[in-house]
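So, here come the structures, one by one.
You will see two complexes here that share subunit A, one where it goes with subunit B and one where it goes with subunit C.
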Partner chain A sequence: MIQQIKSWLEDATVDIFIGYRDVDGHAVPHGYTADRLEELGNWTVGTHRYPLETFALHLARIHPEATIGLLGRDCNQRALNVLSVWNQLHADRIRVLSLSCCPSALKTRADCSYLVPRKSGSFKHQVGVDAEMEAAELEALPSGERWARWAYEFQKCIKCYGCRDICPVCFCAECSLESDELVGTGKLPPEVPIFHLVRATHMAGRCVDCGLCEEACPADIPLRLLYRKVNAIVEDLFGYQTGSDTAQPPLSVLGDRVELEPLPMEKTG
Partner chain B sequence: MTVKRVRFIQELLRFVGLEGRVHLEWISSAEAGKFVQVVTEFTETIRRLGPNPIQRTVRPFKASGPRRLGTSSAPSEAETDAESSEEPAAASHL
Partner chain C sequence: MTETQGVNAMECKLVPSICSYCGTGCGVLFEVIDGKLQGTMPMKSHPVNEGKLCIKGWHLHEHINSFMRLKSPLIKNNGRFEKATWDEAIQTTAQRLSSVVERHGPDSVGVLVSAKITNEENYLAQKFARACIGTNNVDHCARL
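Moving on to the complex of A and B:
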């Protein structure tokens, strides 16, 4: 792997390669360049994850001509696809060196911080939404209980914006979560459920299911489950597969035909 | 675009348990009768659903107080849960 990066840097296939560097036993994202090849001595790879494509995006905004190499897992690859669909990155200016990540029978080794299942306590199981839950399990519950469980989760939010800041596909210069009309800035706690549902809505056709938001969340809100459902809705309604589709996502294009019908009013009587 | 967004929001709200409160209907300015009928029906639907559960479930924020700390908040969570378990009676027969 190091040899490959070295040759990419030497023959100028890439101007900079974003990977990880070992700093006192911690893996820190680092950009390797041809004039400092000796830094590759501190190269490291492991289960730790950062949204490297976000760094690539920032670099590309400052140096649009640069070719950027980066270490990519499957989720990074999906994020790069989404960024290129949204016209944020030019796919031909990005070179990816694949890293074994999502486990399968074919791989003896997989590197991802998400591989260890998270365990929740019994209280969360009782009143909240467990991150290991499937959307279908939750949907089987009566709607009042579903809401109570989500309300429990959302109310733990400390509005740290960690989910947005870590998100590899959150590239907007102006964020709805900072709009006073929508969420109200500088106020705690965040408005439940507006804050979370606004973010969920914006993840439709965008979320690459990398799970970084859920890992970053200090309040342990099962965000991945919520966004996974949001993408499942997009797939069911519009047949759009986020991360692999190369077309614009359905909620950002008008389309030339109306294919959906409005739902009839729900009878509650 | 409208129907796409509304269908999406309806599905999302269903997932978090707040369904039935969004409705989309196309009514021309010449269809006064349809307008009255739709609005009346939807008002009835909303009345049957009852008040917005968000205000009931979401606790008002208090700057201090031991109930917000760690395990001492457990009883209030249990209340919230028990309270909402009555709700299916009002909302599940959609």
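Moving on to the complex of A and C:
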């Protein structure tokens, strides 16, 4: 793998390659370049995952002409597809080197922070929503109980905005979650359930189920499960699998694909 | 190679650090692109926060590039703040502090330390209060 990156940098296939370097045993994201090839001596891969495509996006905004290589787990690649669909990154300016992440008995190793299932405590089992649950399991419960369980989860939110800030597909310059009209800022807990549902609707056709939001949530809210359900609805309605390829999503009706006739505004006294 | 020079000068790295906003000391990674701080990420492998941050930690990078940031000391002269060098600022502070101690006694001074500084700095601050000024008036921001 290091040889491959080295040759990509040497023959200028990529101008920079974003992977990880070892800092005292921690895998820290790092951009390798041709003029500092010796840094590849510190190359490492650990189970911890970061949104490398977000760093690529920030780089591309500053250097639109650069070709960026990056280490791609499955989730990184799905996120890159979504970023390309939403015109945030040009697919032809990105080269991905795949990393073995999903586990299998046929492989000697896999690197992902999701390989060890997380266990919830008994209280959460009684009153909350366990992140390991499937949407169908939850839907089998009476709706009152389901609401109570989600409300328990949502009211724990400390509004750190970590779920949004770590999300590779939350790239908006202005975020609805900071809009006073929509979610009422400056209060804790945030309005239940609107704060979380606003974000959930935005993740329709966008969330790639990488789980970084859930990992970053200090309140242990099963966000991934929520967005998975939203995307299941998108798939049922439109037959669209988010992140699967670079085809247009069903929800991008804005821009040059608008077919609706704009109606004249009605005067309301 | 000259035409790719600009691209080659590209830099993107994450620099490990510790959040300075409270005594928890969460591990963070600063996202640096072309020498400029662009963002903050929680350090996933850090034993204290295990990849999580509060809202203060997530926004650590913002004040660094803020145009409101104070980059040199200011001394108030005749009711107006004026830019000063560090030497001038330290001199002025030392003189005024000694004159207060002389006039009103060491117990008229209190020293407030902080969870945001290191153990060693806290130690030095209390040493300064007790040995240099001569007061036991030392307290901590967490008790305010």
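The rule we apply is simple: the second predicted complex is superposed on the first by the 248 of 269 C-alpha atoms of A that agree within 3 Å, B and C clash if a C-alpha of one lies under 4 Å from a C-alpha of the other, contacts with A are read in each partner's own complex, and residues count from 1 in each chain.
Operating definition for what follows: a contact is a pair of C-beta atoms (placed from the backbone, for glycine too) under 8 Å apart; a residue touches a chain by one contact, two chains touch by 3 or more.
If you're wondering where the values come from, they're calculated on a predicted model, not measured in any experiment.
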When the two structures are overlaid on chain A, which partner does A:35 contact: first (subunit B), second (subunit C), both, or neither? second
Which partner, subunit B or subunit C, touches the larger number of subunit A residues? B
Once the structures are superposed on A, label A:139 by its partner contacts, choosing first (subunit B), second (subunit C), both or neither. first
Which superposed partner A:159 touches (first subunit B, second subunit C, both, neither): second
Tell me which partner A:174 touches in the superposition: subunit B (first), subunit C (second), both or neither. neither
Touching subunit B in the complex: which residues of subunit A? 123, 126-127, 135, 138-139, 141-152, 155, 188-189, 192-193, 197, 200-201, 204, 226, 229-230, 233-234, 236-238, 250-251, 254-255, 258, 260-263, 265-269
Partner subunit A, residues of subunit C touching it in the complex: 4, 6-8, 10-14, 16, 29, 31, 33-34, 38-39, 41-46, 51-55, 57-58
Going by the contact rule at the top, pick out the subunit B residues touching subunit A in the complex. 1, 3-12, 14-20, 23-26, 38, 41-42, 44-45, 48-49, 53-54, 57-59, 61, 74, 77-78, 80-81, 83-88, 90-94
Which part of subunit A faces subunit C closely enough to touch in the complex? 12, 15-16, 18, 23, 25-31, 33-35, 46, 48-50, 55, 58-59, 62-63, 65-66, 113, 158-162, 165-166, 215-218
